[in-house]
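For reference, the structure is listed below as structure tokens.
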Amino acid sequence: MVDPSPANIQNFTYGILEDEYYAHGSFEELSSKNNAPMGAGKLVLEGWEPKQYVSLVANNDYWDAANKLKIEGVLFTNIEEDALLLAALQNGDIDFCQPQAKAENVEQVEAMPGAHLVSYLANGYTFMCFNTTRPTLEQKEVRQALLYALDRPSFLTAEYGSDQLVSLGMAPISKTSWAYPGDDALNRYDYDLEKAAQMLEDAGWTDTDGDGIRDKNGVPLELNWLVYHEATWPGTLSGMAYDSWGKIGVKLNIQQMDFNTVAATTMDAAPGEKDFDIYTMGFSLSIDPDPTGGLFDADAYSAGGYNASGFRDEKSQELMKAGLTEFDQDKRAEIYKEWAVLQNELVPTAIVAYRSEIWAVSDRVHGLDDIGVYTDFTQLLQNVTLD
Amino acid sequence: MKNYIIRRLLQIIPVFLGILFILFFIIDKAPGSITSNIMDPTMTPELKAALQEKLDPSLPFYVKFFNWLSEAMKGNFGYSFKHYRPVIDVIGDNIGCTFALSLVALIIAMLIGIPCGIISATKQYSLVDNGLTVLSLVGLALPTFFFGLLLLKVLAVDMKLFPIFGLMNPLNAKADFWTKLGDQAYHLVLPAIVLGFAEIASFMRYTRSSMLEVIRSDYIRTARAKGLSEKIVIYRHAFRNAMIPIVTLIGFRLPGLISGAVMTETIFSLPGVGKLSVEAVSTRNYPLLLGINAMLTLATLFGTLVADILYAAVDPRIKYH
Amino acid sequence: MSEMMEKKPLLEVKNLKTYFHSAGGLVKAVDDVSFDVYEGETLGIVGESGCGKSITCMSLARLVECPPGKYEGGEILFDGQDMLKISDAELRKIRGNKISYIFQEPMTSLNPVFKIGKQIEEVLRVHRNMSKEEAKKEAIHALDLVRIPNPERIVNEYPFALSGGMRQRVMIAMALACSPKLLVADEPTTALDVTIQAQVLDLMNDLKKEIDTSILFITHDLSVIAEMADRVMVMYAGKVVELADVNTIFEKPLHPYTIGLISSRPDMSTTSDRLNVIPGNVPDLSDLPTGCAFNPRCPYASDKCREGISELVEVEPNHFVRCYYPGGEKHDGN
Amino acid sequence: MTTMSGNGMTLESSKKYSYWGGVWDRLRKNKLAMVSLVVLFIIILCCIFVPIFSKYTLSEVTMADRDQAPSAVHWLGTDNIGRDLFTRLFYGGRVSLGVAVAVTALECIIGVILGSLAGFFGGKVDTAIMRISEIFMCFPFLMICITLQAVFGNSIRTLIIILSVLSWPSIARIVRGQILSLREMDYMEACRALGISNKRQIFKHLFPNVLAYIIVYITLSMASVILTETSLSFLGLGVNPPTPTWGNLIQEARNLYILQHKWWYWVPPGLMIFLSILCFNILGDGLRDAIDPKMQK
């Protein structure tokens, strides 16, 4: 523990480790201990086959006898192709799984006899980061205009199939968090092409050379958007932007690459060498809303830091520091709400959506139905019983 | 013959080192690093940089190459950070499945492809010939993952004849050797068919064209004139000659036995070398990547050598001095 | 030579028709050919390439590739059986056992990937169902018979290690291994150079007597015919145009084509600096002239020749000719 | 009909027989090859004239009519953000076939030149080129693709360069093999005897004979490049969105729900890939049989 801070609570998520067992000489020695973990939890590692299954059995001499497992253990199997999860559940090979939160999966689970659905809004968001150090994106108005020119509600229905599963992203605080300022305090940037075009005009971006692309002091409004292929939503969103932004004189080049390269070109690259205009990614957040070190922290603008956009705002830095010195949760909530409204307005990184998580659970499994945003299924294992 | 093999083996070494050297050069250019994938919000940049330096020190690539080579000579192929295990063990886990799968696919391809090739050659331009040719071309025309997915959907998901995923059913992890083997074989049926189907086409077309060339030669007419049955004329005299190019084809397929098939392994969730190399590339796991590629390069070079040796074994006219 | 007549013919070919249905139309390669072969006799068949002599001899054991070939009609009586009608199984018992072949191109007639011994033993094991050891011994004996030096070593050699002449001897050994009644030799020495040619021909003559086989000798080389054949059959454009014993053919040819052939042979006595040549080319079998196929090139041709063709007539004992004006008798030339 | 005049004979053969004329005659008789030629021709025509057939562009998003099955308005339906799939299919065809043509051309140029040099000069040149080709054949195809695309950007140009640079060895080996065997032929002996220059020998005498093999290789390579592009798209390494290719259009099939319910997403691209590869392979086979019935593959 370094200095007192309300955010230190997340350090307890690692659980208690036995000092002597994990004493280690070389780095390899420590990391090889991961193959023979010793913990104090309800389950004990029994056996595993790389890339195939991990078998954990109930820990009989668990310290909290009242909460010992009622089931023999848990068997994790590896299914590469996401499309096969529900087929395996239907086939009875698995008891519960976490498919992508899409309407088609919800529909399939609801139609599946002997299985039911558990879903909740997750603690995290997908975002679209603008490189604010670039002349094209340094003005707040340009970023806002681009948002107005992107029909995000339609994207949500197109990608996830229904708006029950996702809600429109507006601020970098999870909607499920106690520090969320509430929808009415935030600007939804509803789809309005004329307004977007007008904002660009007012910001000085006009089409001087008549090539259909706006420009200012000789710089064309041409943006490179990095997408990774491991998920489908960046492709859909960029495909829509390509069309709607094109209508207001913004040229968009979409570059598809693997996740590692996107991370390397944006976050890991040294300041000044971050070769992107826009990149999209999804983050799941820790239990505390404190954003320091994250996307919006000016001090995190470095090689390996999360603030790839190079965003710096004194008010935002002040609020973040204030949030860490205040221990009363209600007062902290007010600070972060104010901070969230500020980010919603400055939009260095636009929040695209708050996604849900869904679990498809076989009916023979009882006790898992109250998995929630802050309650992981591992915390419910002691209540689980099977038919 | 023996010193020919020794000479070829000596030739392999420079080519092998050349390939690895170029590979190091390319990897060094690849953007991203071992730690780019880590998205843990609590991981501070300094910690990340320290881990990066530990795992993949920023030395010039040729220095790294010689360090790696000297270690590799001693059999230490480095440590795979992601799997928390030495590279050798990680490859070991995946090579068994890939070898079994590719071997079965190769055998299926040969057992079906070669006879079909002979039949369609002996009955050229007949209905059988055209039918078999189109059927084999269908095998080549279907993208593997597409054919695999359809087969999986129909046979496994809908008709439940085959398992949907994985190499084994975890429930009999503790069963005796034979049930485990049977279970793994049962899991490999569909993937082997998918992998084998495209191979059937190439074996068939190879056999057909080489049989066509042999069937019209004079010694076949002599064989008939000797009063031998048509079956003996075709399968002993003709095929024995037509076999020569096919044997070299098998030699070139050897590396395939351990290079793995990414798409089949992904669709059927099999622990194969193909998927492992894709994962190694996307997580920039250099030690693992180099281990795999060193193995594959050796296999390819040996494959060509084996192909030549098989060629000499099958064709008495070839004598290597 | 005449006492041959009383003997029963070994092989009777009656009105054999073997046509080819190729893209260019119907080719009458062998058109109504009849002849006999007597025991112990060597019948020579001579004619320019494309006259159907090879197809004739291949048809004897149904070795012509059908399609495109097809046996349209006629009979081939051998050993009391019609070779065109008997089943494949029956046919196979005869091929290589009672009728065997030697082909023109020794370099490619032996299977390159099998040992010499194995290829000879194969015949013995199929037709004489000998054991492996017996067949091997017999193969060595056969190679010795054809005067191949140290047969024990050659038996384990591959064809590529032998010269053309040696390979032809192996072919002969293989053909005569089962002491066949009829040996069909399709231009066996054409691909060999002269000295080897002479050795092979002597060998065949010696073996003929030793194994008491008859030979059907096909060639376009008149000097070889003169040396080997007892009787000669001249073929032109798929038909037999003349048949007689060898001396008659050379001294008193009657068919204009035979006359042209015999006279076109250079010999020491002629002094003129130009060889006499039969004008024109061999006719295209799919596009034959009407009547006698030779009429365009025949100096004695008349309208009659251009409309029809005569039968094979026995103008003298054992001397058959298919021509309206045998010997080129004078006529009014219309 | 042969006519007789004087002592000479004039022979008018019925038609002027050229080598390629003969090949075309034999190919024409192969019904399968003809059908595939026609099918390919139709596909290529559609790809070229797609702007005329369809009034939509390949990236036009119309959220109103998204996820529609084929209808009169959208002949092949629309995808999840309302883009017209008919247009995207044939623009995709342009890219896929374009890449195939470019890669095959580039690969043949490199392969034929190096193959001819290796085959013709033999000796050190031959071993050097063969060792280089061996090195290229051992390269992990995937690793190179990801790295070069990451370094040079993910454009179609990089894709073409990578595919041709990595696949020239196969045509080089074929050409080398042919030239090695042709060089021993007597007519080449004659060329050398007549003092014909090396360059002329290669291009005037050897090349036409090798051309036949190259043509067969071209058709088979077209098919394999289309297939490779599909597998690259499977791994996300294909062409940048929103440019469609048959390879990335068919990736939709990886979702069992779409496989079952939204067939119009993946059936047309699947059909296009299947038909074009099948036709190229049949054409390749037909050509090989037409050029030399017993030609070694």
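Per-chain residue numbering starts at 1, and chain names A, B, C and D are given in the order in which the chains are listed.
Just so we're on the same page, a residue touches a chain if its C-beta (ideal position, glycine included) is under 8 Å from a C-beta of that chain, and two chains touch if they have at least 3 such contacts.
Given the structure is predicted, the values throughout are model-derived calculations rather than measurements.
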Shortest path length from subunit B to subunit D (each step joins two touching chains): 1
Between subunit A and subunit C, the fewest steps along chains that touch one another: 2
Furthest chain, CA centroid comparison against subunit B: C
Winner on C-beta contact pairs when A-D is weighed against A-B: A-B
Euclidean distance of C-alpha centroids - subunit C vs subunit D, Å: 51
Computed distance of Cα centres, subunit D from subunit A, in Å: 43
Interchain centroid distance [CA atoms averaged], subunit A/subunit B, Å: 38
Inter-centroid spacing, subunit C versus subunit B (mean Cα positions, whole Å): 55
Touching two or more other chains - residues of subunit D: 146, 150, 235, 254, 256, 259
Contacts with two or more other chains, residues of subunit B listed in rising order: 31-32, 157, 266, 281-282
Junction residues of subunit A, two or more chains touched: 81, 84, 87, 258, 261
Contacting residues of subunit B [partner subunit D, same complex]: 11, 15, 18-19, 22-23, 26-27, 29-32, 130, 133-134, 137-138, 140-146, 149, 153, 157, 205-206, 209-210, 212-213, 216, 245, 262-263, 266, 277-278, 281-282, 289, 292-293, 296-297, 300-301, 304
Complex contact set, residues of subunit D against subunit A: 59-61, 63, 66, 80-83, 146, 149-150, 153-154, 235-238, 240-242, 254-259, 261
Residues on subunit C engaged by subunit B in the complex (per definition of touch): 61, 63, 88, 92-97, 100-101, 103, 105, 108-114, 122-123, 126-127, 158, 160, 171, 174
Residues of subunit A defined as touching subunit D within the complex: 81, 83-84, 86-87, 104-105, 107-108, 151, 154-155, 158-159, 227-230, 235-236, 238-240, 242-244, 246, 253-258, 261
Contact set on subunit B toward subunit C in their complex: 217-219, 221-230, 237, 240-241, 244, 314-317
